[in-house]
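Taking it in order: structure first as structure tokens, then the write-up.
First chain written, first letter: the chains are A, B and C, and each begins at residue 1.
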Amino acid sequence: MTQVMEQIVQSVPQPAGPVPAKMVVEDFSASFGEMQVLKRVNLQIMPCERLAIIGPASSGKTTLMRSLNRLNDMEPQFSREGRIQLDGHDIYHPQTDVPALRRRVGMVYAVPTPLPWSIYENITYGPRLAGVTSRQRLDALVESSLRASFLWDEVKDRLDMPGTDLSGGQQQRLCLSRVLALEPEVLLLDEPCSGLDPISTARIEEAMVELKRKYSIVLVTNNTKQAARASDRTAFFLMGELIECGPTVELFTNPKHQRTSDYITGHFG
Amino acid sequence: MRIAPSITQRIAVSIMWTLAAVAMGVLAFIITYILWHGLPHLSWAFLTESPKSMGREGGVFPMIVGTLWVTMLAVVIAAPVGVATAIYLTEYTHEGKMTAAIRFGADCLAGIPSIIFGLFGFVFFVITLGMGLSVISGALTVALMVLPTIIRTSEEAIRAVPRAYRDVAYGLGSTRWQMVTRVVVRSALPGIATGVVLSVGRSISETAAVMLTAGSALGLPQSIFQSSRTLSLHFYILSREGISMTNAYATASVLIIAIMAINLSAYWLMRRFVGKA
Amino acid sequence: MSTMRAQIPVQSAARRPLLARRRLDSERVISWVLFLMALSALSGLAVITAFIFKEGIPIIAKVGLRRFIFSSHWYPLEGEFGILPMIVGSLMVTAGAMVIGMVFGLGCAILLTQYCPPRMVSIIKPAIELLAGIPSVVYGFIGVAILVPFIRDYLGGPGLSVLASSIVLGVMMLPTITSISVDALRAVPKSYIEGSIALGATEWQTTHMVVLKAARSGIVAAVILGMGRAVGETMAVIMVAGNTLELPHSILDPVRTLTSNIALEMGYAAGDHRKALFATGVVLFVIIMVLNTIALRVSRRRSKVKVLAK
């Protein structure tokens, strides 16, 4: 009987549910040299949702993020097992076009890092690499992506100003616009607000509400309050293991695991 | 009797200031001495005329052309190779036996005296490859000499580019090559340019190696396969054989002014570079 | 807001394939090309070594290594090739230059890193770099024009001498020693200095008891590399050393160095004579390589210590 069940489960091409998941992490483990930082993680990222990933320092959150767009490939010590799929394609397939993957799975980093160029160049860098050459199209992309991160009104008259001259919060929104200009499908935000003031943080969270209508958003945060207010589902990581994952309201009001409840109550009340 | 530490300190510091002052004084003296004796003889005609009777009279136009040819060719050959080496070492490989070997090669090359380069250039480019005493033999030899400088300065400049830029570039869908050329090298360009400019300076002042490879023909080189005397060698021959002291001073002035201009632009580039980073 | 959404069209997954072959291959080609170019420094070194030795070794074998190095008879036309005077000359000149270069170079380096106000650094540092940029022929010329007559008139001898060469080379070594020592001195952790000052030491006591000790290997490397420069310098030495073939007995005697021997005679040498000049090059090459290897070893030890300190 159970065997039959297993066969049925295996024959289903996509994980169960009415909507197929955007990204699927399957039994994924990752190590740097001898040190294992992710242990057999299973996680699904659904379309049009905001998934928050919380957990204490060195719980593997950032490693997971950087595995989702293969940024860890650059690390000489990095090794991995298991699979990550995007729309059913294994992203670690040897013939994967990694730059194309990274355009579809865009990432914003913890430290705002505008390249030392103008705002306009910062935003058009990615689209240009993707082959967009028409000036009109680039202009339109700059405007729409700056609008989407609520930065347009602040910088529309000085697009040729160096991105590094903006304030910290503006820089981070520029980094978000830069990723949006790639027209990604999944947005990875790695503690995007860790260095920002409350107002800038609010603007980014505001932007996320709009953005989730089209994108899957994965938000790594150290701030459980932020996870509680700005996500639909939350995953809790500890020491490289996924402890618990569920709808945010449920996880915060009625955690299934003791360690989850310890973390969300113990650290930030 | 024990001297109080505060007095030792004062003595030591004043000795060091004196040493530095002497060094500065030597530099100032060399420059003023050469320019004092040379500038009065420097004229437009001197720069644009060919030498007459072995350089006793006339100008240094062919030597300026020869120097420019050798220097430019050397840098045009060495810069791409040097920058490529730096890119390979920093972006395309991990530290290991290979990078250690390449760095060892560059370090050793940097230490080899110019006369050895001259001997090598003579037997390899001039004789074995049949290029003869020519601009191209000289340029290839000098290119080998300045290669380590370009490698080292480019590597330092590339390493100074923040690591985060690489993540950003990859994250925005760059291939490795796009990341390197459009982000890393672009940011490191002032530092790389400084190294190249310094190499130009070194090529201009080089004498021993050029003497054995480019020869000392007085005429205007018609092609890079002809021999040509560079400014520094011309100055050496004029002064050592006592052909014409006035022309020697004037030639040295041209050299000194060129070197000062080059160092100044390198310094300016460096300042801009440091200011940005 | 709805208009905004319309402005960002999301392409369907079907139009954005994840698999690609071509671009990855071009990356591999680029990587190989860069690797081959990166080999140029190493292969350049190999080819230089090979050719210098190929040209020089046969004549050393013919004359005999011992006679080549320890005979002081250099009569190329009669087939007598002994380079002892040149070896002694190079060593004497280098030793003298080292003393001068070390005193001045290290003095400037300590001043620049420990005592000099930033404004003065921005004057002294570029000046020292300019000192490095001045062509060696100009140094030699100033030596002949000023230094040589001075020595002849006040100290005796012909003026063209070991002393004159040492002074000229010492000045030329100064920038090398200064810039490498500055790096070594800068690498000394600030906490060492602050700790020492906190214990009541004066700045100078800190400098010579703490900083110089911590930067010792870097300074040694700087001096050795400076010596390499001095041994290898050619044009300036030709102009001020006098170039006689006698063994020098005092620092006021003229000498010929290994480098000058090559540069002076290469123009007209042929046959065994030319080969003997390459053999001189081999000896010079070996000396330089020994110095370089020592310098690299010493400075590598320093970087290991630095890693441990972290």
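To be clear about the criterion, contacts are C-beta pairs under 8 Å (C-beta built on N, C-alpha and C of every residue); 3 or more make two chains touch, one makes a residue touch a chain.
All values reported here derive from a predicted model rather than from experimental measurement.
Judged by the touch criterion defined above, the protein chains are all mutually in contact, each touching every other.
Ranked by number of C-beta pairs in contact, the top chain pair is B-C.
For the pair chain B and chain C, the distance between C-alpha centroids works out to 14 Å. Per-chain CA centroids place chain A at a distance of 49 Å from chain B. Averaging C-alpha coordinates per chain places the centre of chain A 52 Å away from that of chain C. Of all residues in chain A, those that touch two or more other chains are 99-100, 103.
Shown for chain B are the residues in touch with two or more other chains, namely 175.
Chain contacts: chain C has residues 23 touching two or more partner chains. Interface residues of chain B facing chain C in the complex, by the touch rule stated above, are 5-6, 8-9, 12-13, 15-17, 19-20, 22-24, 26-27, 29-30, 33-34, 80-81, 84-85, 87-89, 92-93, 101-102, 104-109, 111-120, 122-124, 128, 144, 147-148, 151, 175-177, 198, 201-202, 204-208, 211-212, 232-233, 235-236, 239-240, 248, 252, 255-256, 259-260, 262-263, 266-267.
Taken together, the chain A residues at the contact with chain C in this complex read 86-87, 89, 91, 93, 95-97, 99-101, 103-104, 140, 143-145, 147-148, 180, 183, 185, 210, 213-215.
The touching residues of chain C, counted against chain B in their complex, run 23, 26-27, 30-31, 33-35, 37-48, 51-52, 55, 103-104, 107-108, 110-111, 115-116, 124, 126-131, 133-142, 144-146, 171, 174, 201-205, 207-208, 225, 228, 231-235, 238-239, 259, 262-263, 266, 277-278, 281, 284-285, 288-289, 291-292, 295-296. Those residues of chain A lying in contact with chain B across their complex are 69, 71, 74, 76, 98-100, 102-103, 106-107, 109, 111, 113, 115-116, 125-126, 129-130, 175, 178-179, 182. Against chain A, in their complex, chain C makes its touches with residues 1, 4-5, 7-11, 13, 16-21, 23-24.
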